[in-house]
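Notes to accompany the following structure.
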Amino acid sequence: MKETEPSNNEREFLLQALKDGHRIDGRKFYDFRTLRLSFGSEFGAVEVQLGNTRVLAKVSCEVVRPYTDKPTEGFVHFNTEMSPMASSTFEIGKQTNEEILVSRLIEKALRRSRAIDTEGLCIVAGEKVWSVRVDIHFLDHDGNLVDAACIAAITALMHFRRPEIVVDNGEVTLLSIEEANPVPLSIYHIPICVSFAFFNKGQHVIVDPTYLEEQVKEGDMTMTLNIHKEVCALSKAGGISLEMDQILQCTRIAVVKVTELTEQIQAALDADAKKRNISRRK
Amino acid sequence: MLISLQRKDRASLEPAQGSFSHHRQHGLRIDGRRTTELRKIRSITSTLSQADGSAYLEHGNTKILAAVYGPREVRSKTNIIHERCYINVEFSMAPFSTTERRRRAKTDKRMLEIAQFVKQSFEPVVLTQIYPRSQVDIYLQILQHDGGILEACINATTLALMDAGVAMEDYVCACTAGWIDKEPALDLNSVEEAQDTSEMTVALLPKSGKIALLQMEARLHVDKLEEVLQLASDGCRQIHTVLDRTIRDRAEDLAHKMPSSS
Amino acid sequence: MTSVAATSSTFTFSAAAFQRLHPAEYFRKFVSQGVRPDGRLLSGFRPTTVHKSVVSTANGSSMVRVGGTTVVCGIKAEVAEPTLEAQDKGYIVPNVELSPMCSSAFKAGPPSEQAQVVSDAIDRILKDSDVVDLEQLCIEKGRAVWALWADVVCISYDGNILDAALLAVMTALTNVRLRKPTYDEGVVTVSGEALTEENSFSLTLTRTPLSTTFAIFDTPNNTLLADPNSAEENVSLGRITVTLDEKNQLCGVHKVGSGSCSPALIKSCIERAKERTQELRSLLA
Amino acid sequence: MARLDKSRTSSHQLRPFFTSQNLLNRADGSAQFDFGGTSVLCSVVGPAEVKIRDEKLDKATLEVLARPLVGVPGVKDKTIEQNIRETLEPLVLSGLHPRTLLQIVVQTMQDDGCVQSTAFNATMLALIDAGVPLNSILGSVTCMIDRKTNQVLLDPTREELAQAKSTHVFVFDNKAPPAQSKGDEDDVVMEDGDRVEGHVLFCESTGVFTEAEYFECYQVCYKGVQTVHGFLRTAVQKKFEKEHQQLQD
Amino acid sequence: MAPKNKKGQADAADESTSAPTLRVILPGDQLPPHEANLPTGQDEDAVSMMIDQRAPPTIKLGPGLTPMDDDTIISVKAGVLNHTDIGNRWWVESNQRRYVAAPGESVIGIVTGKTGEHYKMDIGTAQPALLPVLAFENATKKNRPNFNIGDLLYCRVAMANKDMEAELDCVNPTTGKSDGFGELKGGFAFKVSLGLARRLLDPRQAVVLRELGKHFPFETAVGMNGKVWINSASTAHTILIANAIKNSEFLSTAQCQSMVKKMVERI
């Protein structure tokens, strides 16, 4: 279905409000919307709510044969197919540009930055490795799918536990949860995406744009950083062109945001672990 | 019957290679360049007779052809934009362009992404509003891949669009830079790219000095960002000189060939 | 045809035009008289034929004709690696193809929803009703097993594809011959000699489920049409499929579409399916 | 007899329900339905613009998309799509909105068995939330027969389903049986004299089972669905009470 | 519905004066015939699922109710069953987000295109609605209003039919006056549910508008299609008003008052 454009009134009001220092939902320019993380009963399932934007990530794994040229490396796959559930502008079997860019950014942020130890997924070199799959389901689109998807993916990977295995003479046996505690993945760092949108010839910069803000924006940029102040990916393509200083200014904002978000993710994971411990003892 | 179940369907834009390191000797890079040195760039325009504009560009060992058709009538009605023209970019890589022969599906996300980046970089620069309800097609073909595909695509597109006489506000000049060992390095080749090097592609509008596109992959500390960004921008300015020369040479050449009017 | 014209004196166009314009109403006239346009009674099945071993390149094959619906099933065996979960089991993968050749209702390109749904239905019957003990297909535990690709190609489509396709798959499975392979150090050898009793084996089927489908035509009492053809499928809102094995144990009951129907109606479907599958089994033997 | 699911004491006991409606902001209607550890989210858009090739002149086009939790949609999901669509078609008064699209997306959020039944219930609530005109509501439950004990277990978990010799998905509506039908003739009387009643909208039974077992499952599920209907009613009631608070004050 | 049936008529009358309990009905539920007969005072014992054949009363069915072939009346929507003695009307008050055009309703639309004769308007329906360029006060072939794509217009549904695009107008056809319809200039617009829009239009229920009005002046237009337009002296106020309205949907009167108070205090 075609996208409905906002009215001129909404467009002009949004720009005027920014000039007056306000955002439509009452946030400050550099505020993220409220982030809610809820975990499923199984390991590796997390639903992220960023304001009205909702994303579900589910991690699963299976044992496969490695590539011959990289016999000790496991796999991590991301699936980011968008269904019309999030927005009826998405169609099954028809990739939108948004989908391509989101999917590539997740790849760069999590895989290319080597956030996950793929060597650690090796079971028997050249024979069997783990293939980890992250299915990212977009449920509701109220802007900034990238940041929400990235948070969902990395949180789900951190929450995930794969079954313990026993290797005996090349024979691999999976152990059930009763037999052995499942094993977390080894994760080197936590990349977090921070998206910016630019308005009024670049004078106004906001983070975490809503859908309406995305429709009105003149340009955007997504920075992926981790808590060690490493830029893991950076993407700005087209839209309004920027001064170098503007980009560096965004980096400084992103560093602060990434610290905040990482703490929230950690706190949510800790709280869930505590809950699980209690329920197990029962 | 032998059982060998291997996955051969790996898709990668990085050319396959062994694990040879890029240790620098006497402060020089693997191909003998200094850290702030560009690879040799050679470009010519109007290489294709059928296209409205075209360019061939060699950036080191990366070779690319760009063809522009249009502005012309919109091919599919759904793409009509009433107040400006629609820009369509198609990017492909010849199967022989990498060390290992590889055919890529049309749906390869990395290739679609590059096309999307080129499209988005040029949309604000081309004076699209003077070609309402029309279409400009940009076809890009990599013939040989030695790193820096996106920069080559953007530079070749700039030349081809200018050759086609499409009205533009400015050049769009792109260049890469990265961080190798303990130093920033300009214009990475594929060997340098393939390692875990962080690499940045910058597209600059030389007149305003503003950045139209910025892409970065693999980790780089925030404190080093400015330095790399600065280096890449400088590279863009150097490339601007080269592209400008190509355009001017061609224009002068044409002027010579014109029957003298006075 | 004349009976229709006689029952309704008000319309002035020909029966053929009536059929085109109001297919459901046209059909309703027939049903009210207890017959169907192709001359069958409501409970009548179309003539059915089964041919075995019709494709010599396949390990097992069959051709089934149910009225105007014709399908060919060929089963090809390949050596494959077992999954980690079932290291001593092979697998059977059914796939139904409905190409534009067999009916104008189908388009070229990726498999249609109907083709996928029928493939899935056969797959479920094979798996959930334990038709084949998959350990028969093991060559070397954890290393090599047989994968059987059961491809059903529809040559002509005139409705009730599930019954025809399942009958074809079951027939083909009964005549599958697999060569006895040898396994040594990661290499599976299958001899190319002519098939004999010694160098090959056939599959033992635990049971052979066969299905019977009824279309539900929308009348106050839900009229059942046994073995619907394509035109009847189009005017019906729902269908009931009953799958039975040789001991008259149920292997599936599927009711979808149309309004609600009573347990008694399902019961009557089961009873009639019993008679029908008995007849079909005589063709299989 | 004890179940594998230790949280339940009886074989005909359903898991705890949970629902939430109107939780997506882009869709016209949405609902989540949980049976214990199984959760399905459903969104409904429409009546909306339809593609010309899918357009029907006398009614709305119903489109159902089923999205699995793991992996890309496959043949199993196509079956669920067809089952839901063909079951809903007689329920939705699509003649009121000709030449429009009613798009339903069903997303599995958690899978602990009985996804299809959960999807049916989530879809029903989402359609109600979207205000789509319907001539009745439906409810669905699944049961199975244990391979070893031959016991009928209602609303089994994934662990229990691994022990099933057959599984049965049933859908019933809330309509009173048609006036002209005489109840007795429609029912099936079992050998032990029990009467099997209730008109079924959809059923999918697979595995190996006897006729008596089938009708026993029929009966167990019919009773189970009455609980689901009651629950759906309470859920909708609560939502409207919340909306009309200001009028009540 | 069943529990209520047991009580006598006196009880029913009682309920109409005190706070009525909500009668939520679901699709497929039958409208009990004896209740439809209330004004004629049928025997309470005649509670049956069949319509009383002796004295069929005249019932007017509003949205959400449909008579069936067997003379029963069923609901096709989930919602609150409403009844008024005047004309013995019954209807279901439901809530949804998708708008289906109905004649006479005021809506807010966005101009999405124009042809020589019509403006194409997005009012949230499946097909775009048509607004004739001459359906404005004082509009003539030579003097017609000119709107741009993206402009907001407050209009009325002149004609709606399930098989055709809805037709709108911005003029009262009998008086030729605009009646307040026309372009909405400036301000901000947003979507709410159709139920909330209806309540905002009902002075008894629009608690949030009343409360906001105590604090600052503002203009508002509410479309039955769930589109609300707001304008005030400052962007900050408009934003507050918009958010307060969105927040009010599921609040009681008291909660709504304190919500508005809190929001006003914050700025």
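We call the chains A, B, C, D and E, going by the order they appear; numbering starts again at 1 in every chain.
One rule holds in what follows: contacts are C-beta pairs under 8 Å (C-beta built on N, C-alpha and C of every residue); 3 or more make two chains touch, one makes a residue touch a chain.
Listed by chain with UniProt protein names: A = Exosome complex component RRP45; B = Ribosomal RNA-processing protein 41; C = Ribosomal RNA-processing protein 43; D = Exosome component 5; E = Ribosomal RNA-processing protein 40.
In this text, all values refer to a predicted model and were calculated from it rather than measured experimentally.
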Review point. What chains do chain B and chain E have as common neighbours?
Key: A
Check your understanding: Computing the C-alpha centre of each chain, which chain sits at the greatest distance from chain C?
Key -> B
Revision key, fill the gap. By Cα centroid distance, the chain farthest from chain E is B
Study note, to complete from the structure: Taking each chain's mean CA coordinate, chain B and chain C are separated, in whole Å, by 55
Study note, to complete from the structure: Chain centres from averaged Cα atoms put chain A and chain C apart, in whole Å, by 45
Point to revise | Separation of chain D from chain E, taking each centre as the mean of its C-alpha atoms, in whole Å | key: 31
Review point. Just how far, in Å, is the C-alpha centre of chain D from the one of chain B?
Key: 54
Check your understanding: Of all the residues in chain D, which ones touch at least 2 other chains?
Key -> 45, 48-49, 101, 173, 175
Point to revise | Junction residues of chain C - those touching two or more other chains | key: 81
**Study point:** Residues of chain E engaged with two or more neighbouring chains
**Key:** none
Check your understanding: Which bits of chain A are touching chain D when the two form their complex?
Key -> 1-2, 40-42, 45, 47, 52, 54, 56, 58, 60, 79, 81, 83-88, 92, 133, 135, 137, 139-142
**Study point:** Touch list for chain D against partner chain E, complex
**Key:** 28-29, 45-50, 93, 96-101, 128-131, 133-137, 173-176, 179, 232-233, 236-237, 240-249
Practice item. Can you check the complex and tell me which residues of chain E touch chain D? Key: 19, 22, 24, 26-30, 49-50, 64, 66, 70, 74, 76-80, 94-98, 100, 125-127, 162-163, 194-195, 199, 204-205, 207, 249-256
**Study point:** List of chain A residues in touch with chain B within their complex
**Key:** 65, 67-69, 95, 97, 100-101, 103-104, 107-108, 112-114, 221, 225-226, 228-244, 247-248, 251, 255
Check your understanding: Of all residues in chain C, which touch chain A in the complex?
Key -> 81, 84-85, 142
